[in-house]
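Per-chain numbering from 1; labels A, B, C, D, E and F assigned in written order.
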């Protein structure tokens, strides 16, 4: 089976486990075990080749664009890790079946565990760095899920978030590093990268890459100063802790260091950063572990410490140090996993993990106690156990360290000190829990754990002992291939033996044990001393930091996006002002080459009136009624300007739109306050004045620059083709209904939607209806002035005739559907004013929604008709017919299109008015009482 | 006068206006005008309340000419009043009792008054709050504003004889 | 078959009109049925068009048979058609979602959605600047109305801001068009691009003004800093299904920038080539920063998602401003991904809010989500995708974005900002999710009395979120496709003319 | 001569418009302003008719007609607002 | 004359912008209306100013540029639709919020999660 | 100079004068009610003069008669009184002060 099956099988297993809710616990566990066992079999199947020094590959070409491929490899290092991941994984699965109480969901835990296992397997087997990162992030996610397994506990949620944040940050750094690395080498394939160590180290990006990748590794493997997430991850169920913190999650960081060792290691900076970080972590972890009263806390810091130890080893500039590191990876995994499991049993059976309560457990659970003591001894580095072997190798290698120059002697000293503390906390683990008097207030009556719950521990302890006694037999070969994978082929000569004779490392071991015993015996004083130190907890820093960041963000956002429309508008306008204004200064001359028209009286008066109207609108803007009158002047003058500059169609349109707009504004004014209070400070007014003046100057200048220069435009085409191609002499109208009919279709759609939207806005709206005007006058009694009512009836047919006139001539002379529609609408508005909406609604029995839809539909069908002739949408058609008596008559599809425009305009305007009319007509009583909108 | 041809006078008027608008007497325009002249009143019929119809068209045309003439003189009079010194003007509100109650004749009278010498119709009393109904037979008054009132009684008399009486006669009410 | 180019615009229009007319106008059931059916047909049309374009390359379609530059020409290249597909797919999902009851909370929901789709597709397809304006207005007016669908008073204020700002934006658009026409005498994008390279002297400055104003308008729609401020409130106050639909709207702005920027202001177009690149670039970076701050500051989930849209807009524009093929390709991939994921998140947030009683979607302790697993799975997936974590589509996008910016040499500023923003968003979203789903007042889920989620809603959300894994599984063809689309964008018309096509 | 007459009448109309705007700006009451606006509408019709005469074209006739119609509606609407507040009650 | 025209456009833009920057919906709508006048004039001017050459084919040689005219027509109609909508939205906002103040007040932030 | 030109010129001058006088009245008169007279009458007739002038002019200069200008006149004649009426109504409603010494103020009923 190909390598990619390994993660695939565990993924499938994860899915299967998640659906196993109906199975019994034993069945669930059994089903779950299938996937890792198969995966293990696959790995073992390839193991002989690996032991022969080969690397097994499996490559699927995938994203060439990104250089991401599905690429797996199995070399010594990978094999070692897969065995650890799968082996300890199986034990944890087995153990969890007994650990988890009935009310917790076993399938959920198993699904997450297998997902996590997949991620880990993916990391260690990746041959593509991006793929590696993929699985790396997957471990972050799945560990988040595992840590927050008991999600109703605040501790679990916080711990999970912290773990995810820290490892996520590292993951992003790692990604950056890997991308740069890939760019240096030109490939994301690991074998290429690993073979290009020299090229990488000579690259100018080497330092940056290294730091980024190390950030990834250090955060994951909880190196100082990123170590603080790990103790809080202990909120997870203990099997999870056992898995994550012995063999997997934290080891991923170590794996990364080992994996990239050939590519990145061997430089001063590598040794300096890695070894110093490892050393610091080693010391801090060992020291703090002693003071943790929580068993899992102790183990957590011990884990940190041991990870520091491995890191330090990888940072020491000798090949044997690397071998020692790998050896310790194995050893740590075994004894730490068993210790966690033992802790789980203690927790499970007593209900607490507090060492101040736990005493004398030996009496209650001798088997567990024995197992735990063996493991703890291994952790302390007691001879005949595997921990001793690797620790002694470690001591030996510290003696060769050169990296601190003349101060290099510090390293073995500090290492011994750390060893002493590790002995001390191991001693505490043994003595404080299993001996040391009687238990205090235990929640449960303790007793020995179920038989099978101890099995995984027994297996692990057996390994500890076997490795400790017969190292060559058991680990030599795997250690050999793993080391050669890290050191790229150069297999160092190493010899693991229990006895090397009396030498310095042995002395260091002895010192450590002695020191440890001394420290432990002085623990009372140490605890007191520790209590006087300020508690510097990474967790609080993280949480407070997060709080500070969050509240800072909230403050900034509420300052920035403060809900003030004025601010948003002013930002927009200022942006415009800047970017439209700046290029004006680049121009040499604003005025272009065209001969300007002379100013005549006509223009002067028109300009005067327009400016007066505009300025008056601004001056009176707080007296809204007057402002409305003033803006009417502007509208009128704009249409006069259109008339003046040869745009009769525009003038007509502007006029009709103007009136309908004013009517709408007045309707609005009725429901709005009549006057605007003075609100803006004078500074603000000044600011607004400056900005608006600026806008005026800029736009005016652009306008002036444009109108004074010659234009080479496409418009001649329209003039030439209007009659021959569009069948009309009014070029503007032909553009509207033919050349650019698509715009017009969109435009009437807009109008229709606006009407629908307005209906929507006003539907069932409770409104405030003033019973007096702004000066407190009651409204006049006469609703429908007599003379007006009479005349408006007379005017209606007249207005309709005029709109028919304007409609029909539109194609050839100024006019058209839109203007005609607005004229009709205005005529009906007059009826509304004169007779009121009830009167109209009794007589005008149309459904405006349908009218609007039909109008647009007419235009649409007119355009779609050309499909019948396999012509593009809106292809126009016209022809001249000789009708008897009438003479030569033109029929054009554009007329139908224009009819659609007409119908839509009438429908939309009427719908708006009818919606507004409905507000007040339905319920006259409302106008008497002031009902401010309250739903 | 039926459903399909509700207002012949309106139709004729519309046709004339149509031809005026198009400046054309071609058959096509007449045809189109006729179609419109017939179809528009059908559409607007619901919006037209029942008004008394013109009983004496000839008199109506004569009255129209009278009013046009009066408009010209009125305007010249008013122009002189405007240009002349304001201080000598004697503005006044005058209430003219009406013999008519229907909306259309009153409207016509009020319009005539507004267009003719120095007077502007201001209000029709009594004010009705809702829609005007023709079966309401309460006596009505026309309030007018006079720019320069010489003799109130004479003015009322003049309005009643010169304008109101012919309108009453035209509509036969 | 040539006419299919215009169908993505016409069919939604037709659908909307049908939905307004009898018999669809009357009964809710008929309307729902018709709306879903019509939206599905719309999607099918778009897919057909896409395959057509894949077969025979970019299509142009002269409306009314008036050739460019005189008439309005539709320009269906891969990117445009992909986006119309995306829009119709999103609409279909939102329509299905709304059929669970949201549509009946106000009038004209279905027609308006189809109108919106028409506007969006029109904006994507058109090759004419003024026509672009018209379709902008179509989609805007439809969006104004949709924004007020089942509105309460918070919506009203948000809508008011949105409407007024966009009206100012429309005015600016027109000034821009006036300036462009006044200098160049044409409106067809290709023609404008050809003419702009021949400008001299002061005309260049004027064209620059026009171009800047255009970009400002597009930036306003795309929610680029500092013009983004309307977005968080507007989107978070809109009905979630509407907000989900709006996820495509900022993309219209982005698309317009891509379209205009790479034709009119392509590096080869004379004195105005790559105009304002720096401004766009820095504004985009600032947008990412502010969006991220917004994500962290959000007190409710809807606002959080709205801010995610801001971040995605910033990211997109940063890529677009590079005017480089890889970056554009990455932008295309990321655009599809982020649109759908953000939409899914909006809908998901709605589901969450519907089950948490009074607390609704606020990020605080509250009632547990009753159907926690059903919603949680999709929320988790969408969150992963939006953060850019494996195994969902976000990670491909993220890598591509980083790679593209690296190759451009623009990583010194972009990478730190982008990566730190990613991290903060990761923290923000995770924190929000864990509070909403896990930090509960009562544990007794069985006692909570909420209506189970309507199956339509579940389908819609799952289908939307399901695209994300799909985009990973089929990452190879999709990335190749994006690259091909980007290649079409970057074919410089001036170069094409000289060399007789690439 | 007709040409100079037209110019002269233009001047008169221009003066009239300026008088209108003076009243419009001065008020003092809102009905005064509406009256002035209404007058302005009519004077604008005069200007446009004269402009058509000046340019020897009847293209602007419809504009004049529309101003007449729409100006009336506008005046009525403004007054109705003063009287009743709600235009279409 | 071009100068006067441009001055008009500038004044309209200035006045419109000033009104848009007010804090109440009605002046803002007035400002938008005024701005749209200005914009229409501007867009129209992009085809240059011509006197007495309306684009109605009549055998003459020169015509005003008809394209901007058509564009302005479209813009006017769209502007009308938008103004109508914003006017009604202002009414709606008044009904919903009790005033016509466009900015978010500090108190209005206390949003409750209740949705209908 | 043709006779129609004379006619047109006179009508134009007359119309212009009347319109100007109407606007003068608007400015010069002391109260609202008196101001109203100018625009409703003088301006209306002035418009009629102008329109008749245009009618004559176009009828002579172009082929066929151009009578449509008369429509505007008719329209103004119909609407001017109504505008005046509704304006006075609103003035009364606003209780605008009439010039001192205006007779019959008490005849205005409360509306």
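Rule of thumb we're sticking to: a contact is a pair of C-beta atoms (placed from the backbone, for glycine too) under 8 Å apart; a residue touches a chain by one contact, two chains touch by 3 or more.
Here's who's who by UniProt: A = Monovalent cation/H+ antiporter subunit A; B = Monovalent cation/H+ antiporter subunit E; C = Monovalent cation/H+ antiporter subunit D; D = Monovalent cation/H+ antiporter subunit F; E = Monovalent cation/H+ antiporter subunit C; F = Monovalent cation/H+ antiporter subunit G.
Note that the structure is predicted; figures quoted are calculated from it, not measured.
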Taking mean CA positions as centres, which chain lies farthest from subunit A?
-> B
Please work out which of A-C and D-F is bridged by more C-beta pairs in contact, and write that pair.
-> A-C
Could you name the chain whose CA centroid falls nearest to the centroid of all protein CA atoms?
-> C
Gap in Å, rounded to a whole number, between the CA centres of subunit D and subunit C = 49
Centroid spacing, where centroids are CA-atom means, of subunit A and subunit F in whole angstrom | 71
In whole angstrom, what separates the CA-based centres of subunit B and subunit C?
-> 62
Please work out the Cα centroid separation of subunit A and subunit E, and write it as a whole number of Å.
-> 38
So subunit A residues touching two or more other chains come to 558, 563, 565, 569, 573, 628, 644, 648, 667, 669, 699, 702, 706-707, 711, 713-715, 718, 739-740, 743, 747, 750, 753-754, 757, 761, 780-783, 785, 787-788, 791, 798, 802, 813-814, 836, 916, 935
Enumerate the residues of subunit D that touch no fewer than two other chains.
-> 17, 30, 34, 59, 65, 69, 72, 76, 80, 82-83
Contacts with two or more other chains, residues of subunit C listed in rising order = 130, 134, 137, 141, 144-145, 148, 152, 157, 160-161, 164, 168, 175, 178-179, 181-182, 187, 233
What chain pairs are in touch here?
-> A-B, A-C, A-D, A-E, A-F, B-F, C-E, D-E, D-F
In the complex, subunit A residues that touch subunit B = 781-784, 786-787, 789-791, 793, 796-798, 800-802, 804-805, 808, 831, 835-836, 839, 843-844, 883, 885-887, 889
In their shared complex, at which residues does subunit E touch subunit A?
-> 1-30, 33-34, 37-38, 40-42, 44-58, 63-67, 69-74, 76-85, 87-92, 94-96, 98-100, 102-105, 108-109, 116
Given the complex, residues on subunit D that touch subunit A span 7, 10-11, 14, 17-18, 21, 24-25, 27, 30, 33-34, 37, 40-41, 44, 47-48, 51, 59-60, 62-63, 65-67, 69-70, 72-74, 76-78, 80-89
In the complex, subunit F touches subunit D at residues 1, 5, 8-9, 12-13, 15-17, 19-20, 22-24, 26-27, 32, 35-36, 39, 43-44, 46-47, 50-51, 53-54, 57-58, 61-62, 66, 68-69, 71-72, 75-76, 79, 82-83, 86-87, 89-91, 93-94, 96
Mind listing the subunit A positions that touch subunit E in their complex?
-> 558, 562-566, 569-570, 573, 594, 596-600, 603-604, 607, 610-611, 614-615, 617-618, 621-622, 624, 627-628, 631, 634-635, 638, 641-642, 644-650, 653-654, 657, 660-661, 664-665, 667-669, 671-673, 676, 679-680, 688-689, 691-693, 695-697, 699-704, 706-708, 711, 713-715, 718-719, 722-723, 729-732, 735-736, 739-740, 743-744, 747-748, 750-751, 753-755, 757-758, 761-762, 765-768, 812-814, 818, 908, 912, 915-916, 932-933, 935
